[in-house]
Amino acid sequence: MFGILKGLGVTFGQLTKKKVTLQYPEVKPVWPERFRGIHEFIPELCIVCNQCARICPTSCISLSGSRDANKKMRIDTYDINFEICILCDLCVEVCPTEAIRMTDQFELAAYSREEFYKDMHWLYDNHKEHGTYHALQEAKEQAAKEQAAKEQAAKEAGAKEQAGREPVAASEAATGGET
Amino acid sequence: MSEEKKPAAAPAAKPAKAAAPPDPRVVAATALADEIRASIEARHGAGAVEETGAAKTIPMIRIAPDKWRDVVTFLRDSEDHRYDYVELMAGTDYKDYIELVIYLYSMKRDAYITVKTRTPRDAASLPSLTPVFPGVNWEEREVYDLLGVHFEGHPDLRRIMMWDEWKGYPLRKDYSDFDNIPTRGGEPR
Amino acid sequence: METLHSEEMILNIGPQHPSTHGVFRLVVTIDGEQIVAADPVVGYLHRGTEKLAESLQYTQIIPYTDRLDYVAAMLNNYALVHTVEYAMDLEIPERAEYLRVIVMELNRVASHLLFVGAYLLDLGAMSPFLYVFQEREMIVQLFNEICGARLTYNYMRVGGVKWDAPPGWLAKVRDFLPHMREKLKMYDALISGNEIFLSRVRGMGVITQEEAVAYSLSGINLRSTGLRFDLRKKRPYGIYDKFAFDVVVGQNGDCFDRYWCHFLEMEQSLNIVEQALESIPDGPVLGKVPKLIRIPAGEYYTSIEGARGELGVYIVSDGKDKPYRMKLRRPSFVNLQILSKLLIGQNMANMIAILGAVDIVLGEVDA
Amino acid sequence: MFSWQTQPLTGLNFIGMVIGAVVVLAILLLVVMYLIFFLRKVVAWMQNRIGPNRVGPWGLFQSMADVLKLLLKEDIVPAKADRALFLVAPIIAFVPAFTVLAVIPYTAGHIFTAGLNIGVLFYIALSSITILGIVLGGWASNNKYSLVGGLRSAAQMISYEIPLGMSVLGVVMLAGSLNLTTIVQQQATDRFGWYIIPQIIGFVVFMIAAVAELNQTPFDLPEAESELVAGYFTEYTGFRFAFYMLTEFVYLFAISALATTLFLGGWLGPWLPSWLWFAIKTSAVIFFMFWLRATMPRLRVDKLMGFAWKVLIPVALFNILLTGLLSLLV
């Protein structure tokens, strides 16, 4: 009898405790940095080395590329089949250029199976809202701008003849940071 | 005195044999296996043990298939062995034969051996261990299901993972996925 | 005494049934409410992991092991990489070993919590199930931070772990421990003394030591009978010999002992995590591993103490980068065999209590 | 005091009675709807959840939405079921549940109370009919889970009717009447106060038996979802399922109202209006049942029967003896 009363006490004590339910569609969960959601893919970084397709345990990645005018490999198509992708992160692990990485996008429900075949463009667009690439770029650009502004200020202080902003420097800094 | 010769297609059951100084663990394990072999042969005759060696660091004894159940029972019951706990049962298809391996553990002596036996691939059949160790009941059913070894004396030998209409034995190396193409009205779907 | 016999009835429980813990089917023959025979039918979740592994590199198999015992995936990860490391005689960096122990023991706590909750749900109490999920959620969030996934971790690698702990993570784990101990006390008050609960589990589904050994039971099913058999002590793998902890054993081998061992084992796991947190060194988390992992030809078997028992991986290698044959020794699969023996003569209400206490995860049973 | 029984049955009175019955029915439907809401909220709070909060403000219209959904659902009759019995069983279960409410005195005015002289007997007799509906439903479904659930339910409810009836006897002896209104009025003047004090043993037995009668946790074996999926109403869908659901909750309300009337002084209480006192006390009893529901695991079926026959009935008998002695001596 005593055990039952003790149990009743425990449940009664919970009445006033803070509720833990997450109001999901309104309040989105905050994922940690390493969260493995749906990929983002940055075509200009890809060197078509095929490593991601080879390491993939479920063979859900298919890609093709060709050499452009500068004899550099360019990606043409890049598809991930999310019907069988298990979001294991191995493709991200092997990618030498970080052209593919994971985002915090986790909502993948769809009405038809075709929608699970995500192509390069979808994966690229995915980075805008969910990816870290965009934020990374912005941070770099910001840093580059600040750097440029600082240099300019220094130059202006030194010599007045230096005029005009330097967007070239900023973009150079950005692309330099990618590799 | 382990036999170094193995069928070419089969992976060697003894690692590190080519290494210049033999691994002391392997030597000790092989010596132990030989001891056990002597003990078994004293009881069950010279043909009972076909090979001894070591699986990495664990003594390995290969038993003639017809003595399989007797020797395992002996290992369980004999006072100097008392291998009373089956840790693992696994079957492997080596293309020429099917090998069944069990890892036995002795609760009392805290010792650990691996015992195996072989059976030809076609009409693969072995005496069942279920009467000795009730705990290998499902393991044997799994081996039967996936490798097609028939266990004689098993109380309930049915497929366990696949359904009864399944054709072929998936873990055999020559198994083809096309044997079980789903059909609808006699036509492949 | 003569008993009244009525017409026997075959009751088909599952594969979709609220308390079979997955797609598990149990065909029981009942006489009134008494069970005359029980035939467990498994295989509904069979994915052929062993066959798949034969065409995968060792690194690629790791995500597949996540799907075996999906409530304790860290331990599955470890079982595989441990066998590969054992076969290759690899040196593992100290810090990686400590991180492994921390995540494995936390995962064991999470898994046992789920057992306690699900078991009480089987017995008709809903609240414990929802309570334990709160603590499990905390552990799962910790895992989410360290490896980016909540259920299928894919965290271990041959030769170490994938990621070092993020900044502040170890402190979070340290904060979690006292909270968890507090909550364990609460669950104890809520459940363990409840007379209704006790009347349902005491003396129910008794397994003797001889039976347990003969049926190759492992884990808590074996220890609840009083046998002090814990692979972390018997054959210390990794760095388990550095930690002081007790092997929890039961006395009677009944359902209550199995429940209670889960409870006490959580405390022991918390102790291990605490010790590991105290002495975790700095350093790399991934050792020197060849880019393409090849195991020398031969056969290898190692086993670890999984959340449900002895979790072993048997690999036959022909020297290539893929296993020639991989066999998983799944504790749930082996433990489940004793169910049909335990159920005979019980009545239907006990059936669920006994099935629940055997603690199976169907992902593991069916591999 | 106004009572329908003392008035001649004129046309106007008859219309009044019909309107009264319909009003009570409507109020009760509303009450039951919010009882379900209350249950879900209380249990959710005890489990650190929020509970229904989607439909309407604070989820207040959730039950209404559920009822609407159930009414719109397809009414499936299994092909192998005994069709006639399958269709009629929920009604057999449901009608007595509402009928018993006629004798409960809700307010001091109790204009909507039948005021039967055998009120207690009427309640116990009618509530037994529900078992028939449950057994029939379980049997007619032609499903093994339903059958086992139905039979368990029959065994359980019949066993627990006995201690329930016996525990009420003590109150009846003290009050000297079977009329529920009289019982409440007696409690106002009784020297011990409300009957929960002299009849504490009876009250405990009553509560345990009541929970068992209602198939509430920890006695919810007939619908034990981990064993029997949903017990006797596994095969029921749509509004027939709703009938069983309603039966359960109407009985929950009715038995709490009965406990209030018999042991807690019914509508009696200072300052507040009588109907509010009645509502407060009934809610407290209901809350207690939900509290149990959120805490307890389920009893086992054989222990359940043993508990009724070996513990509750002897205790109830002892209580009657004690009450008799007490009224002789004091």
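By letter and in written order, the chains are A, B, C and D; residue numbering begins at 1 in each of them.
The rule is simple: contacts are C-beta pairs under 8 Å (C-beta built on N, C-alpha and C of every residue); 3 or more make two chains touch, one makes a residue touch a chain.
Values in this document were obtained by computation on a predicted structure and should not be read as measured data.
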Return the chain whose centre of C-alpha atoms lies at maximal distance from the corresponding centre of subunit A.
D
Rounded to the nearest whole Å, what is the centre-to-centre distance of subunit C and subunit D, using the mean of the C-alpha atoms as each centre?
44
Here the gap between subunit A and subunit C, centre to centre from mean Cα coordinates and rounded to Å, is 34
Computed distance of Cα centres, subunit D from subunit A, in Å
58
Provide the C-alpha centroid distance between subunit B and subunit D, rounded to the nearest whole angstrom.
64
Residues of subunit D that contact two or more other chains, please.
46-49, 294-296
Shared-contact residues (touching 2 or more other chains) in subunit A:
4, 7, 10-11, 14, 20
Contacting chain pairs, sorted by label, are A-C, A-D, B-C, C-D
Per the touch rule above, subunit D residues touching subunit A in the complex are 45-50, 291-292, 294-296
Along subunit C, where are the residues that touch subunit A in the complex?
56-57, 59-64, 66, 127, 131, 134, 137, 144-149, 152, 154, 162-163, 166, 186, 189-198
Per the touch rule above, subunit A residues touching subunit D in the complex are 4, 7-8, 10-12, 14-15, 17-21
The subunit B residues in contact with subunit C across the complex are 11-16, 55-56, 58, 84-88, 90, 92-93, 101, 103, 107, 110, 112, 114, 133-139, 146, 159-163, 170-171
Where on subunit C is subunit B touching in the complex?
42-43, 46, 48, 50-51, 86-87, 213-217, 227, 229, 234-235, 296-301, 303, 310, 312, 314, 316-319, 324-325, 327, 329, 333-334, 336-338, 341, 366-367
